[in-house]
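The two complexes that follow have subunit A in common; it is paired with subunit B in the first and with subunit C in the second.
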Partner chain A sequence: MTGTVDFLLVSMILANLWVLGSSRLPSCIRALAFQGVALGLLPFALYPGHITWDLVMLALISITLKAVVFPHLLKRALLEARVDPQVEPFVGHGVSLVVGVASLALSVALFRRHPLPIVPPSDLLMPVAVSTLLVGLFVLIARRKALTQALGYLVFENGIQAFGLGVLKHAPLMVELGILLDIFFAVFVMGITIFHIRRAFATLDTLEMAELRG
Partner chain B sequence: MGAVHLLLSVLAWNDPPGGGWLGLDALGRVFLGITSLVFLAASVYAVSYLRDEPAGMQPDMGGEDPFSNAKESVFVGCLLLFLASMTLVCASRHLTLLWVAIEATTLASAPLIYFHRHRRSLEATWKYLLVCSVGIGLALLGNFLLVLAAARGASGGAEVLWLDGLAHGPELDPHWLRLAFILLVVGYGTKMGLVPLHTWLPDTHSEAPSVVSALLSGALLNCAFLGILRAVQICAGAGQATFAQHVLVGFGLLSMAVAALFLLNSRDTKRMLAYSSVEHMGILALGVGLGGGGVFFALFHALNHSLCKAAMFLVAGTFLSTFRTRLVARLGGAIHTLPIAGGVWVAGFVALSGTPPFGLFLSELGVLRAGLQVNPWIAAAFLASLATAFVGMARVVLTVALGPPVLVPPVRESWGKSLPPLALLALALMLGLSVPAWLAEGLRQAAALVGVS
Partner chain C sequence: MISMLLGLLLAPLLTGVINRVKAFFAGRRGRPLFQLYWDLARLVRKHMVLSRTTTPVFLLGPALSLASLVTGLALVPLGGPALLFFPGDLLVLLGLLALVRFATVLAAMDTGSSFEGMGGSREVAIGALAEPGMFLALAVLVVQTRAVSLSEMWAHRSLDLWNSAGLVLALVGVALFLLLLSESCRIPVDDPNTHLELTMIHEVMVLDHSGPALAAVEYASSLKMWIGAALISSLLFPFHTGSAGLDLLAGVAVVFLVALAVGLVESTSARLSMLRVPQFVGLSSALSLLALFLVIR
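On to the complex of A and B.
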């Protein structure tokens, strides 16, 4: 199953680069959905011997949320708030791509120098997880729109979830569900907030929100 | 509802349920008690508060940009969800469940902060959502690293996340454990408002309706502190208590110093209270970091601080609805206009600055003594920050209460709004005069659970 695992992990990397390099918001949202599918399928490829009904259910819920519901919510926020679909980065797309690749190299080097106390199911898994997490944080910082910040948060969460996959064969079902529920509500609340931001400020540019200081 | 919750909490104090995913240990009991008390006061206040809020559009503080309120039903619903998630924080026996609960508190409170629908509260809500969600995401990563640290142990991996068998001893790999602890402190510390992760706190506390500010400061910050204490418990169980304590002393001193400097320059009543919360969270972290008697006094401090700070925020809310401004420059003579609220305001300041006969004096003295035993310089820095904060707060509080009056005729105060802060402050005063034996015993058990020496 290494072939499948590598395929899914490379898909995640590609989705990261896609988010970093794309200049249109709808395209970024599609990249997020794509990453969601890859992440949702990962447990099956990583632990082919451990497929249970719980796991299948969980994967289904996870994929539905990450590939259908979240993109839909973000898109609706995009449409209803009539946001200009340009990404408006602080840091240009070229540099962003370099950062994305650098984060991957850094993560690989990190795990070379500090080997894990466990044998992860795939050599690539941990570096990809950490790199995804870093890319998410980078998007959060380097893009101006509130919507892209929410997007960055979701990429960040994907990275953490992938990391968790390497550490825990399967967390207790209740915990996984709780985490998913939390992220779901986070996106939900963020979507609503984005809508209000657009109405109150007539823009989603977070630089405009700078009244509170001191 | 608040009363029912308090009643249940009292029952739970005497007969802690346990086992499985949920259960109350001595620590959870203390924090549940605090949450419950503050919630009761805030909910009583909220009844009159919501009654007095005008329906429809109302002018903004500065006069520009009229705004309306969110629906009351949504507000009350989120308030109850907020209480439920904080209760879950106190009762979690599994670290990931704790994480889920703390994240849930963020999400339940975000709509509360955006109750007044104007641009400033929206900005605060967005900041709060993002900063806390990302911070708490890091704490989840910390949980996973804990599992890694335990991977070589006999029981292997995921068992470490249960809070029941904490004596892991040397089974945990120290390097990964330290990394996990740092991530957990950064994650939950964001929520608790430790400098330099506190950036959301002053904005959120100042823009939220005062009832919500009282809950955020009095209950939510403590819940996040409980998250950090759980991490300390694990470190102590694995023989890494010293490392954890050093980290906490650093964060504590930094928080106190920075908050004290911001307090010197505050122009806004609620922002001042928010920075004072940052300062007191620093004291909590410092107390636990110093160890010894410091832990006991940190917990006692958490209780007292919650009572006083909630009272202060409620009073600040009364000022806001009477004078329609939070700016110190436009406030004055509150003690003439609103005798009860103004009195509570001054008394609350006396309490918060750690003056006898209030409970905070005892706890700050206890932390100071612990500091002197460890390192006199820590004690000196602690005292310097306290003094700076005192000067900063005194200026604001005394101007507001005793300065030249802006509204001369006294306004009639409703009991619904003045009773809750009075009661909270009276409790804090009682705690300063004598600590009941059952409470001292409960706190001692809780401090012993933390496990640092």
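On to the complex of A and C.
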């Protein structure tokens, strides 16, 4: 199954690059949905011998949330707050792409230098997870709009979930469900907050918000 | 030998195929398939107009490009090992392509026109991004096949390789295709039919060429495209039929399929704004680098 695992992991990396390189918010959201699908299918490819009903259910919930519900919520926030769909990065798209690839190189080097005590099911899984995590953080700080920060948070979360897949064969069902519920509410709240920020300040530009500190 | 002759003979036909595909999508009949041949024949018979500002460097440009590309064609395997092959010939091929760029830009600068200087600067800026992509893409294939010559890589390609490392090969294939688009000045990067100097890249550099020099430039750019498509065809198309003739036929067919794909891309996508072009070209490096990680992990 290494072929499938590699395919899904590369899809995740490509989604990262897509988020970093795209200049339109709807396109970034689509990239996120794509990454959610790849991540949701990953457990089946990683542990083909351990497919249980909870795993299938969890994957279904995870994919529905990450590929349908979150993109929908973000898109609605985008429409209702009438946000200009331009991304407006602090760091340009070209440099962002370089950062994306560099983060992968860094994570590959990191796990070469300091291998984990456990053996992950695929030697590419951990580097991809950490690189996704780093890309999420980078999107959080390198983009101006409040909406892109929600996006960065979700990419970051995808990284954490991928990392968890490598460490634990199965997290207890309740824990996974709890995490998913948390993210769901976080995105829900972010959507509402974005709408209110937009109504109160007529902009989503986080630079302008920094000036409100007084 | 035959594959090289075929390349020399059929290269202008690629442009014809692309134009026909574009015309089909636009609902027109389009130019004749052999239009570029008639154009070349017409241009060769014409006189050259040389600006008084130009020096012999101006004529060296087209001559050097044509010479390098014909040499480059001798290094590219298609349906059989290439005419010339030796360890490291892929570096020579990339060097020749760089030489073509250098000669074209030098000839453009020699005219003293500010527009052509601008075109040259763009060409070099994009080339600087495309070259790492080419090196990385070929490096991936070197590591994957343990071959250091294009013809050896051609011999190594097989379905087994696609089974064991299909993802890597697919990434390299996409990277090479993106590079082909940018190197042969096709649409997302440059528009070969544009008439506005401000947006041209390749076309603006050859504005001052006329007659046989222009014919050399046009022929050289179709050869460049043939080399790119032949690389994709012979490094990635996995089937060996056993008979040399059939192999050659399949290789050439894939070359024309690549031209078809270029036509499809051109008909369905708009040209990128100049600021986004570096990103598009850089993507090929990113994809190749990703493939390299997959190979050497």
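By definition in this document, the second predicted complex is superposed on the first by the 210 of 214 C-alpha atoms of A that agree within 3 Å, B and C clash if a C-alpha of one lies under 4 Å from a C-alpha of the other, contacts with A are read in each partner's own complex, and residues count from 1 in each chain.
Definition applied: a contact is a pair of C-beta atoms (placed from the backbone, for glycine too) under 8 Å apart; a residue touches a chain by one contact, two chains touch by 3 or more.
Please read these numbers as outputs of a predicted model, since none were measured by experiment.
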**OP:** Report clash or fit for the pair subunit B and subunit C bound to subunit A in the combined superposed model.
**Re:** fit
**OP:** For A:141, decide between first (touching subunit B), second (touching subunit C), both and neither.
**Re:** neither
**OP:** Examine A:118 and indicate which partner it touches, taking first as subunit B and second as subunit C; both and neither are also allowed.
**Re:** first
**OP:** Name the contact category of A:93: first (subunit B only), second (subunit C only), both, or neither.
**Re:** second
Subject >> subunit B versus subunit C as contact partner of A:167, first or second or both or neither >> reply: first
**OP:** Check the residue A:68 against both partner chains and state whether it touches subunit B (first), subunit C (second), both, or neither.
**Re:** neither
**OP:** Tell me which of subunit B and subunit C touches more residues of subunit A.
**Re:** B
Subject >> Vertex subunit A angle, Cα centres of subunit C and subunit B, expressed to the nearest 10 degrees >> reply: 150
Original post:
Which partner does A:21 contact after superposing on A: first (subunit B), second (subunit C), both, neither?
Top reply: second
Original post:
Can you give the closest approach of subunit B to subunit C, taken over C-alpha atoms and in whole Å, for the superposition?
Top reply: 21
**OP:** Would you mind listing the overlap between the subunit B footprint and the subunit C footprint on subunit A?
**Re:** none
Original post:
How about subunit A: which of its residues touch subunit B in the complex?
Top reply: 114, 116-118, 133, 137, 140, 146, 149-150, 153, 156-157, 160, 163-164, 167-168, 171-172, 174-175, 178-179, 181-182, 185-186, 189-190, 193, 196-197, 200-201, 206, 209-212, 214
Original post:
Once bound in the complex, which stretches of subunit A touch subunit C?
Top reply: 3, 6-7, 10, 13-14, 17, 21, 23, 93-94, 97-98, 100-101, 104-105, 108, 123-124, 127
Original post:
Which bits of subunit C are touching subunit A when the two form their complex?
Top reply: 166-167, 171, 276, 278-279, 282-283, 286, 289-290, 293-294, 297
Subject >> subunit A-touching residues of subunit B, taken from the complex the two chains share >> reply: 21, 94, 96-97, 99-100, 103-104, 106-107, 110-111, 114, 117-120, 122-127, 129-130, 133-134, 137, 140-141, 144-145, 147-149, 151-152, 157-158, 173, 175-176, 202-203, 206-207, 262, 265-268, 271
